[in-house]
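Shared between the two complexes below is chain A, which pairs with chain B and chain C, respectively.
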Partner chain A sequence: MSARQPRFNQHLLIDTTPLPDSIPKVQEVGSSSAPLLSASYFIGARCKAYNDDYMQCKTEANGKGEMDCLREGRKVTRCAGSVLEDVNKSCLEEFRKHWECLDNNNQQLWQCRKWERPLNSCVFEKLNLEKKIPGAPENETPVHLRKRQIFAHSIMTQ
Partner chain B sequence: MPQDMPPSGGYEPVQYRRNLPVRGFRPAYYLAAVGLIMTYGFYRYGQGIREQNELAREKMWSRIYLIPLLQAEEDRDLVRKTLAGRAMEKELLGAETKVYNSDRFVRPTYAVTPANVTK
Partner chain C sequence: MGVPFEALLPYAVCIGMFGFSGAALSKIRAMQNGGKRARHSVDQWDRQMMDRDRRLTGFLRGQTDNVKAPAGFELSNPWRLERGYT
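Then we have the complex of A and B:
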């Protein structure tokens, strides 16, 4: 995408023409930022292969990625949609508490560890998806597993 | 007759010599205390910086994992708009005009806005 989106300042114009029928339809993930952030590591754990395929396709497509990589894009959307659906089915309460906390805290993950721990354990038991931070130094505990979060506002939410 | 006389036995002796005792620890001890407090402060500061780096790493990775999903959604939207524009062009003008000489997708500079807006 080389140039920026057109910015119409007088009114909001929405082109409602749908995709042509030759392109298969896919159920869009209509999620807002907090649930997506909360589930991002689980999406990464389950959908790594599809994500890598899509990004490779985009890099190799050399400018025509939007048209040529629609198939990989559909796979990515389906996989992420399946993760969100599974999390909603098995761990709805923990998931909801966590992303509501994120919404109240400027999407800062370190303020909401108290609700992240039960979510992580529930998802690990039921869906076998683990949150791992690649590239973290090996000799210390990862920051999402630490007992004390230095920058959290209150000790109640740690 | 009673007179204002000094008390019997006289007054106590007046202190006229100076009394300025040297107080305080040795300066080396003070420097050592300052050094210790500063070292502790820098150590805690470094801990905070390291934790902030780890938090930044966590934030970056969560965004990295979400990029393909969001990009695919945006791509589908873009393709939809392009195809709708091409169809509109074909309907209104009869043929498709190629602006550039290659097949690469370039976001068009001008966007067509309809005369009567329904939405």
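Then we have the complex of A and C:
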């Protein structure tokens, strides 16, 4: 009989064996999707080196990256955790407003520029992290700095 | 001569019915999504992130901005299996 594609939707297995003690323990990042999306460009600004290292390790590992790139992954987790901690300490109100808006709007950044501008200026003043979109063409204003967002639903939230 | 309001009453009824059903559907969707608007065009990345949110908070649309994950979060991602048969 020919084999069919497996359908992995029938049963769950939770393996509670912890990692061996030879691997250093790192606290996982505890933010959910909206705060992470909101802070993602600041994480990119501070952690670009570690993130690029991790991505290069995974690309070059040819499938064994899950075990071979644990060290780079720990650095990525620690750096992202440090950015989130700093943003929580200094700009909590603007941060919360921005990610609550994102959560209400299907995680679409262009609907919530009104709350993103105070967050960007607060983070730039206090933490010196600037949001830059990688790969944006140099001779146009970046999308997050434009006055009019062409796809936003309402004028009030642009 | 005043505005002939009796002629406009059917329009008011139609608009009222559409408005009421739209508002009721929107309220039902908000109740299903924890007081927020529903997500649309959800792809595999979004489904994976929503599953992670459910592991972190207990609700599919729950959000939190803690820095550290709760204890046991590293171990709560299940292996998805298929029931075997011989």
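Methods note: the second predicted complex is superposed on the first by the 145 of 158 C-alpha atoms of A that agree within 3 Å, B and C clash if a C-alpha of one lies under 4 Å from a C-alpha of the other, contacts with A are read in each partner's own complex, and residues count from 1 in each chain.
The criterion applied here is as follows: a contact is a pair of C-beta atoms (placed from the backbone, for glycine too) under 8 Å apart; a residue touches a chain by one contact, two chains touch by 3 or more.
Note that the structure is predicted; figures quoted are calculated from it, not measured.
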| item | value |
| --- | --- |
| Larger contact residue set on chain A - chain B or chain C | B |
| Partner chain in contact with A:Glu85 - chain B first, chain C second, else both or neither | second |
| First, second, both or neither for A:Val143, with chain B first and chain C second | first |
| Which of chain B and chain C A:Pro18 touches, first, second, both or neither | both |
| Touched partner set for A:Val29, first chain B, second chain C, both or neither | both |
| A:Gly44 touches, of chain B and chain C: first, second, both or neither? | first |
| Which of chain B and chain C A:Tyr54 touches, first, second, both or neither | first |
| Common ground on chain A, meaning residues reached by chain C in one complex and by chain B in the other | 6, 8, 11, 13-16, 18-19, 28-29 |
| For the chain B and chain A complex, residues of the former touching the latter | 47-48, 51-52, 54-55, 57-59, 61-69, 71-73, 75-76, 78-84, 87, 103-107, 109, 111, 113-114, 117-119 |
| Parts of chain A lying in touch with chain C, wherever the complex brings them together | 6-16, 18-19, 27-35, 81, 84-85, 88, 95-96, 99-100, 103-107 |
| Touching residues (chain side chain C, partner chain A) in the complex | 36-37, 39-41, 46, 49-50, 52-53, 56-57, 61-70, 73-76, 78-83 |
| Residue numbers on chain A that touch chain B, as the complex places them | 1-3, 6, 8, 11, 13-20, 23, 26, 28-29, 36-37, 40-41, 43-44, 47, 50-51, 54-55, 58, 62-67, 69-70, 72-74, 76-77, 80, 109-110, 133-136, 142-144, 149-151 |
